[in-house]
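This report refers to the structure that appears directly beneath it.
Chain nomenclature is as follows: A, B and C, assigned in order of appearance, with residue numbering initiated at 1 for each chain independently.
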Amino acid sequence: MSKIIIGRYIPGDTYIYKMDPRGKLLTCFIFVFVIFLANNWVTYSIITLYTLLAIIGTHLRPKVFWDGVKPMVFLILFTSLLQLFFTTGGKVYWHWWGLWITNYGIRNAIYIFLRFTLIILISTVMTVTTQPLEIADGIEWLLWPLKWIKVPVEKIALVMSIALRFVPTLFDETLKIMNAQRARGADFNDGGLIKRIKAIAPLIVPLFINSLEVAVDLSTAMEARGYQGSEGRTKYRVLSWSRYDLINLGSFIALIVLLEIFRIR
Amino acid sequence: MSIEFKNVSYIYSPGSPLEQKGLDQVSFKIKENSFTALIGHTGSGKSTLMQHFNALLKPTEGEITIAGYTINKDTSNKNLKQLRKNVSLVFQFPESQLFENTVLADIAFGPKNFGYSEDEAKELALKWLKKVGLDETVAERSPFELSGGQMRRIAIAGVMAYEPAILCLDEPAAGLDPRGRKEMLELFKEYQESGHTVILVTHNMDDVADYADDVLVMEGGKLIKHATPKEVFADASWLTAHHLGSPTAAKFAQKLAQKGLQLDDEVLTLNELTQALKAKMKAGEA
Amino acid sequence: MVQENIVSMRNVTFTYREASKPAVDNLNLDIPKGSWVSIIGHNGSGKSTITRLIDGLIASDNLEKSKIFIDGVELTPETVWDLRKQIGIVFQNPDNQFVGATVADDVAFGLENRGIARPEMVKRVAQALKDVGMDDYAKTEPSNLSGGQKQRVAIAGILAVHPQIIILDEATSMLDPEGRDEILHIVREMQKRDHLTVISITHDINAVNNSDLVAVVDDGKLLAYDQPDKIFSHTKLLREIGLDVPFFYQVRDSLEAAGVSVPSSISSEEELVNYLCQLNSKM
């Protein structure tokens, strides 16, 4: 039963899915800086609207995005609360020892909250609509300039793609070994910490040994198929820009322009 | 100890986009001390069924009675030790489960888990090391220094060492050479004859013909036939329709029949074929 | 006509590190161009080591004494990469040779290594996938394929680079019977179409019957090398080294033992069936 989904990709077929991974990665990356352009209610509304439109464009259930935010909820709330209680200036509503609630504080807390949440939401849009392999291809492209300083970008890319390819295989293998040891009376869930750590050996040792075996076999197979390093290799998988990327580019430029116009200088 | 399945269904990843039916309303009863073959092609639900025997998977629906346990969807994961001691599973390519520093320690892992003392476990391990056809001299060696075939034997010894009442094996001879295959199957036959139940998951119809007395045929998660080997292999067109093969001897008899030589009995093994041919020739002489 | 050998091994000896005796021991073997040669032997007989030697993945103990020629060219550290382009190997474990993240990527891997231009690559990948009947799966990830399908992809990866030799290194031993038959059928078809030489390493005696030649290997030594019917007449020898003989030989021997005599000239299943039917109708 080797049907697992790697990463958070959820199959779909909207225009966001059809965008080139390079464009999506770049948008995500620059978004982190662009969000600092927002500094008043109008600009924050604009960027929130942009994010919401992206979410709607995936045609996925809201729960998917909540799942993306959930692990970060405490960090976001904690940071927002720090802003709320430690920002001074403006009108004071409440004051006790070193803690203040002021109108500046309330505003900063909301801004910080939005900034965090929107960044997570936009990256979730990227990860749920882009296959891990495409992300790896996109990263390879983004890393291209590093070739100037002799970083083996092709090798890194090949390693990434092989790693992705073997995730489900290793997952299956883990499940199989776990079941085999359970059948021999091993218990992975019971007992205290020491007992549990000891119980892990029958799982970890075979997994490690099998992985080594896979690595040896795979390197033999690669050599037999003529792999001599990345020099002189051509590429079968290529990325290509399409009209959907114009939607990405156009809307992103529109966002930046609007933020520039409406922000307080 | 008999095994009974009552309307057992199993669903993989229920409620997710990958939801899939593994078993569909499976009911049967296997008699104690039988040698049952479980056949069907890849993806037919054989492995899923097998994992229900010791509650690695629990039915989504229905109920299983096995070795004094009743297993249904509410069965807790606790207190399954006695069940797993009595009903043992050998997965495909079991050599990948070896992990101990020495061969003996690896075989003794199961017995120790199931409550045997250190000494008893060692003793059992040594006994089964020899039973699977390995020499005592490998006992203190690392299992990873040995050949693939030897590792397979060690893994199987590790599961048989606590002498389960029901032994269930998934393609235990896959990849072994003909002699290794035969030795392995003789070992399971002997185990059955000494008063245990053996369930063999296999693609090899000759093994079914040579060793089994009962056959379960799976297809698409359903049990489509439960009968003796003679009954299962009697209908060649049914077998073809379900992408199942015949034993080599039966195929040979079919070729004879096509050329006009009809044997009097249904033959499944080389021995039966020889006897039937001999009878035919002798009858002709008389 | 002098038959041309595509592989010639001369006095080849190879010993694994820390092993007490050689895995391949002074082997001499000639493989005629365009033939299907099966190399049989029990587990651990050294037959897979032969594959690795032919492909230059391992080097013999003494390069002075041991010589391997591929299509007339001696295998040396200088020629190995070029000669390897002539050879494709399908290994035993379907998972451990699947490099690409998808079916098409995997088929393309060998082409990428050879620096083939992309338009040509696209054409060849599509054709190779069609040849093995996997054209509907181009974008499928390996975890969603069966073992037999993965081996078909491995074959496509080999066909795409247009080699002269295909080596099946126990390529079917981890598959179910249906998968095994499919693989053998596809390789047989491609051998005929592309005039390939096939070297099949196996202990499945039923996969051997259609070979042109059979080499029996035990303890790293070549025990016999001949046409299948000649090889299988040595029933005792094969049994001694842990191998079986094809079923009709078993029937023949078993009938003899039961007092029904069968002429020793019978060397195929069809002949035996015909003989038994005749015997029956005469009575």
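In this section, a contact is a pair of C-beta atoms (placed from the backbone, for glycine too) under 8 Å apart; a residue touches a chain by one contact, two chains touch by 3 or more.
Just so you know, these numbers come straight off a predicted model, no measurement behind them.
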**Q.** Of all other chains, the one whose Cα centre sits farthest from chain C
**A.** A
Q. Which of the two pairs, A-B or A-C, is linked by more C-beta contacts?
A. A-C
(Q) How many angstrom lie between the centres of chain B and chain C, each centre taken as the mean Cα position? (A) 30
Q: Report, in whole Å, the distance between the mean C-alpha point of chain A and the mean C-alpha point of chain C.
A: 46
Q. What are the residue numbers in chain A that touch two or more other chains?
A. 3-4
(Q) Which stretch or stretches of chain C touch chain B in the complex? (A) 42-44, 92, 146-148, 170, 173-174, 176-179, 203, 205, 242-244, 247-248, 250-251, 254-255, 257-260, 269, 273-274, 276-277, 279-283
Q: Report the residues of chain B in contact with chain A in the complex, numbered from low to high.
A: 12-13, 17-18, 20, 22, 51, 54, 56, 77-78, 81, 84-85, 88-91, 94, 96-99, 109-110, 113-114, 144, 158-159, 162
Q: Under the touch definition given earlier, write down the residues of chain A that touch chain B in their complex.
A: 1, 3-5, 10-11, 173, 176-177, 179-187, 189-190, 201-202, 205-206, 209-210
Q. Along chain B, where are the residues that touch chain C in the complex?
A. 41-43, 147-149, 174-180, 203-204, 243, 245, 248-249, 252, 255-256, 259-261, 270-271, 273-275, 277-278, 280-281, 283-285
Q) In their shared complex, at which residues does chain A touch chain C? A) 2-4, 133, 161-162, 164-165, 168-169, 172, 213-214, 217-218, 220-228, 232-238
